[in-house]
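Multiple structures follow.
The following pair of complexes shares a single chain, chain A, combined with chain B in the former and chain C in the latter.
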Partner chain A sequence: MSIAVEALSYAWPGSAAGVRGIDLSIAQGEMVAVIGPSGCGKSTLLKLIGGFLAPDAGRVKLGGRDATALPPRRRDLGIVFQAYALFPHMTALQNVAWPLSLRGVARAERSRRAAAMLERVGLSAHAGHRPAALSGGQQQRVALARAMVFGPKALLLDEPLSALDAALRVAMRDEIRRLQQDSGIATLHITHDQEEALSIADRVAVMREGRILQCAAPRDLYARPATRSVAGFVGHANLWDATVLDARTLRTPIGLLAADAAGFAPGSAVAALVRPERVRPGPAPDGVNHFAGRVARDRFLGSFRRLDLAVAGGTVVLETASDTSPEAVHIPQEAVQVLPAD
Partner chain B sequence: MAAAITALYLAYLLAPILLLAVGSVGAAWSNTLLPTGGLTDRWYLQVWTDRSFGLAFWTSLQVAAATVVLCAVLGAPLAYAVASAASRGVRLAARIVYLLPVAAPPIVLAFGLMLVFSSDALPYLGETWVLVGGHVVLCLPYLLQALVADMRHMNLPALEQAAESLGGGFRRRFTDIVLPALRHSLLTGSVMVAALSIGEFQLSNLVAGFLNRTYPVVLLQAFYGATGFACAATVVLLALALLAAATGAVAARGAAGAKAMAG
Partner chain C sequence: MRHGTPPSLLAALAVPGAACLSLFFLLPLGIVAAESLAGGGAGYARLAARAEFWTGLRNTLALGVTSGLVSVAVGFAVALHLSRMTEARRTALLLLVSLPLTFSGLIVAFGFILAWGRAGFFTLSLQALFGVDPASFARFVYSPQGLAFVYAYFLIPRVVMLLLPVLVNFDRAQLAAAESLGATRLRALAAILLPQVAPSALVAFCLVVAVAFGAYGTALALVGSGQANILPLQLFTMVSDAGADWPETAALALVLTALCSVVMAAGEIASTRREAAHASGA
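And now, the complex of A and B:
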């Protein structure tokens, strides 16, 4: 089954926050992650799809059918909440079996199916434990099993990993991806962790101020951000305010920058984006986009270093595997992307 | 320091009770620190054979049981309604309203009941159910307070949202999730209600009829007689309160526990 929202709008009473004109569709078997700063409307979007809020305008479609007016319990969605919301008086097995009990599955059959689901999330050994006796990661697995056991039309994940520590988060996100792909279920994954989104989603939607700025495959989002905001939010970036001088030259705070600015009128305000790994240490062989400076900050990150090079008028961030600290860098012309200033 | 203060507090709390217990088996007690004349069981026998005490004993048990049941039946849905009210203003107003009986002296409520139920239209003063009604009004705030605090602590709205997303309608959510999750606060709240109802004097003294006086009301009479008799009768009240508390606890656990097992 698929999830689609069309021109969905909601304004929180007495505030400017909410979502405005959201169009998004998630195909069967696809995982779409929604990222954005807090207050961007991503949680509101999930509540609208889940049915906990009624939109001011627009529609929610599940499996191609209009579900805008359905109450949450009729939407048949598996939702994993940020705080898991496990029922404290039930064991892990009883938690997972409860949605089956609601659907009239006989006792023996629901125990069998709940146990099988706990097995799939690797929690068979803890089936008889109450939530209070489980670790954060184990509670997360129970919540996931409970949301998937009844064969929901789609899966909504509301920052499911934000309460876990870093190492567990990485392991759990791979696990969620595996389960999602095994069951071929359309999944909306809300997160504020861009690394999490980029690493497991088929597509990533970047939200800001209630709108989706761009929705694309992780690689495309990183390589070809549509706007300055997206470029700044996804991955590390050198972003300079710039003015187009001509089709091949930008004026930036750190000096003139040779770039392909065809398509932008001379004099227009733009943003110049250069990813840190595209900046080359050492002087430019042809003198193009050459910047001399000194290392202001040196961050050791294992297989590479991220350096801030203080140059006249600003800073150039670069990533390099080399141990030597450069006194100059150059930026290949094709590494410069010109984006509309938003 | 803390241990000393605790010991002092416990002594202050327990010494009168211990003295009561000692006095209840002492043959004679007047103007001395401790009773004199050796041990006796006659005070207890006197309380046992006194018909008005026996009647009051049963009345108190019945009133307390009815109060606990009514408070639980009214309190659980009411607390749920208060806790799940969408607006903060509504929640605050509801809290103020349901806590009012705590602020108002019981004697005020008693006078009100006397005025209403001694009228020609409603000549029911002295009926046991009027007494039970008064006890429910006085005790309900304590149960509500326990329930609402528990609901907030366990973030009940989040549990309900999850339950609803899993397909749970209102009835199943209430019976499978809300009630069992609240069983501990329902239990402790019911114990409190039972103990309060058993010990209630101000309202009962004014509202109870002659044939359905509760134990504390009758107990007052004992203090006009022998000290030993008064002590024995008071110890019986203490035992009665503990019994009621235990019964309330068992009843609440049974009601919620049965639901918790379904799953």
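And now, the complex of A and C:
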């Protein structure tokens, strides 16, 4: 079943925060991740879809039917909350079986189905334990099992991995993706972790100040961000304010930059984007987009290093697998993207 | 390197409390216990032989349990409401809620007489508005049932104080989760919130029941020593009597003390067991 929101707006009382005119659709079996800085409205969006808030305007559709006025209990959505919201007075099995008891499933049947669901998330051995006796990862699995055991129409995940340590987070995000794909269920995944979003979602929506700036497949979002804000939020980036001199040249704080600026009028203010992995160490063979400098910061990141090269007028960030520290870099013209200034 | 307060200092700090406990609780209790056993415990036999004692015990239990139930029910609702407020607003209202605790039982009784007595404001208002007979209506306030509601007035703040921290710390996302899983608001409260508040509610209930068992000032002022047969008033009458049967009076005092202690201990044990089960996670 699909999820769709149309022109959805909500303003928190006495605050400018909220969401404004959100349009988003998630097809059956698709996972859409929503990322954005704190306060951008991503959790508000989830609350509106979940029925915990009534929108000021717009509609929420589930499976093509208007669900805007339905209370949470009648939306049939599986929701995993940020801190899991497990019931501490119930065992893992009781937690997972509870939604089935609400649906009148007989005791034996709900125990069987809850046990099967716990087995799917690899927690059979902990069925009799209360949440207090489970690790963060195990609690997260119980929350996921509880949200999926009754066959919800769609799944909403509210930063479900934020309470886990880094190693467990990576393992659990793969687990979530596997379960979501096995179930073929439309899923909205709210997260502040762009790496998490890019690695498991079919599409990623970037929000800022209550609006969706861009929603695209992870590769497209990374390779072709629509705005400077999106480029800055998704992945690492060299972003410079620039002025278009002509169709092939930009003026930036670090000097002239050869780029394809054909779509922009001369004199217009733009942003120049270069991903760090597209910056080449060493001097330019043809002298184009060549910048000399010295390494101001060197970060070892395992298989590569991220370097800040201090150049005249600014900094160029590059990523390289080389052990040597360059004294100059060059930027291939095709690596420069020209974006409208925000 | 050693950390913490030296044991000698800890012991010194405990001395004033221990001295007060010994002088004003253990010593009098010991004297009363010894007095009750004078004559080979005949005081207990005389007490048990009096039908008035058994009626008083039943009334005391009924009064304590009724006022306890009313107080927990109302106190829970008040605490739940307060827990949803901002901290500043909650603190301000909590001051108002705790005000009855600062009043003596006599003041509470006079307050009720002024409000709900035969010539009380509300009684006369009800007469003016609905033609209610003031004498019949006021009889309720002066009855043991009415006494239970008067007691609730100063017991409710105690319940609020005990339940509020639990409700403030309760993770409300659990209720949202319950509703998203298909529960009505009422079902979510009953199945998710109540079981988690129950241990504290039980402790609060036992505490206020024990307080109600021992309270006599309000009852004395409202109904007088002869009109409500409850154990604290029996004890008051016996102590006031110049020719009192001291072994029997001491026996009654110990029965009342034991009653309060048993109720308090039962609440604590039940609550501790429940919390231990939670902590173990099993």
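Keep this in mind: the second predicted complex is superposed on the first by the 342 of 342 C-alpha atoms of A that agree within 3 Å, B and C clash if a C-alpha of one lies under 4 Å from a C-alpha of the other, contacts with A are read in each partner's own complex, and residues count from 1 in each chain.
Convention: contacts are C-beta pairs under 8 Å (C-beta built on N, C-alpha and C of every residue); 3 or more make two chains touch, one makes a residue touch a chain.
Everything quoted here is computed from the prediction, not taken from an experiment.
Does the chain A-based superposition show chain B and chain C clashing or fitting?
Aligned through their shared chain, the two binders clash on chain A.
In the overlay, answer first, second, both or neither for which of chain B and chain C A:94 touches.
Touch status of A:94: first partner only.
Just to be sure I read the superposition right, which of the two partners does A:102 touch: chain B = first, chain C = second, or both, or neither?
Both partners, chain B and chain C.
Does the superposition put A:304 against chain B (first), chain C (second), both, or neither?
In the superposition, A:304 contacts neither chain B nor chain C.
For A:81, decide between first (touching chain B), second (touching chain C), both and neither.
After superposing on A, A:81 lies in contact with both chain B and chain C.
Output check: A:72 vs chain B and chain C. Expected answer is one of first, second, both, neither. What do you get?
A:72 sits against chain B and chain C alike.
Please indicate which partner A:52 is in contact with in the superposed arrangement: first for chain B, second for chain C, both, or neither.
both
Based on the superposed arrangement, let me know which partner A:128 touches: chain B (first), chain C (second), both, or neither?
Only chain C; A:128 stays clear of chain B.
So which bits of chain A does chain B touch that chain C touches too?
Residues 50, 52, 71-73, 75-79, 81, 83, 85-89, 98-99, 102-103, 146-147, 150, which sit in both footprints.
In the complex of these two chains, what residues of chain A are touching chain C?
Those residues of chain A that touch chain C are 50-52, 71-73, 75-79, 81-83, 85-89, 98-99, 102-103, 128-134, 146-147, 150.
Report the residues of chain C in contact with chain A in the complex, numbered from low to high.
Going through chain C, the ones touching chain A are 171, 173-174, 176-184, 187, 191-192, 195-196, 278-282.
Taking the touch rule as given, give the residues of chain A at its contact with chain B in the complex, in rising order.
50, 52, 71-79, 81, 83, 85-90, 94, 97-99, 101-103, 146-147, 150
What does chain B use to touch chain A in their complex?
Going through chain B, the ones touching chain A are 154-155, 158-159, 161-169, 172, 176-177, 180-181, 183, 260, 262-263.
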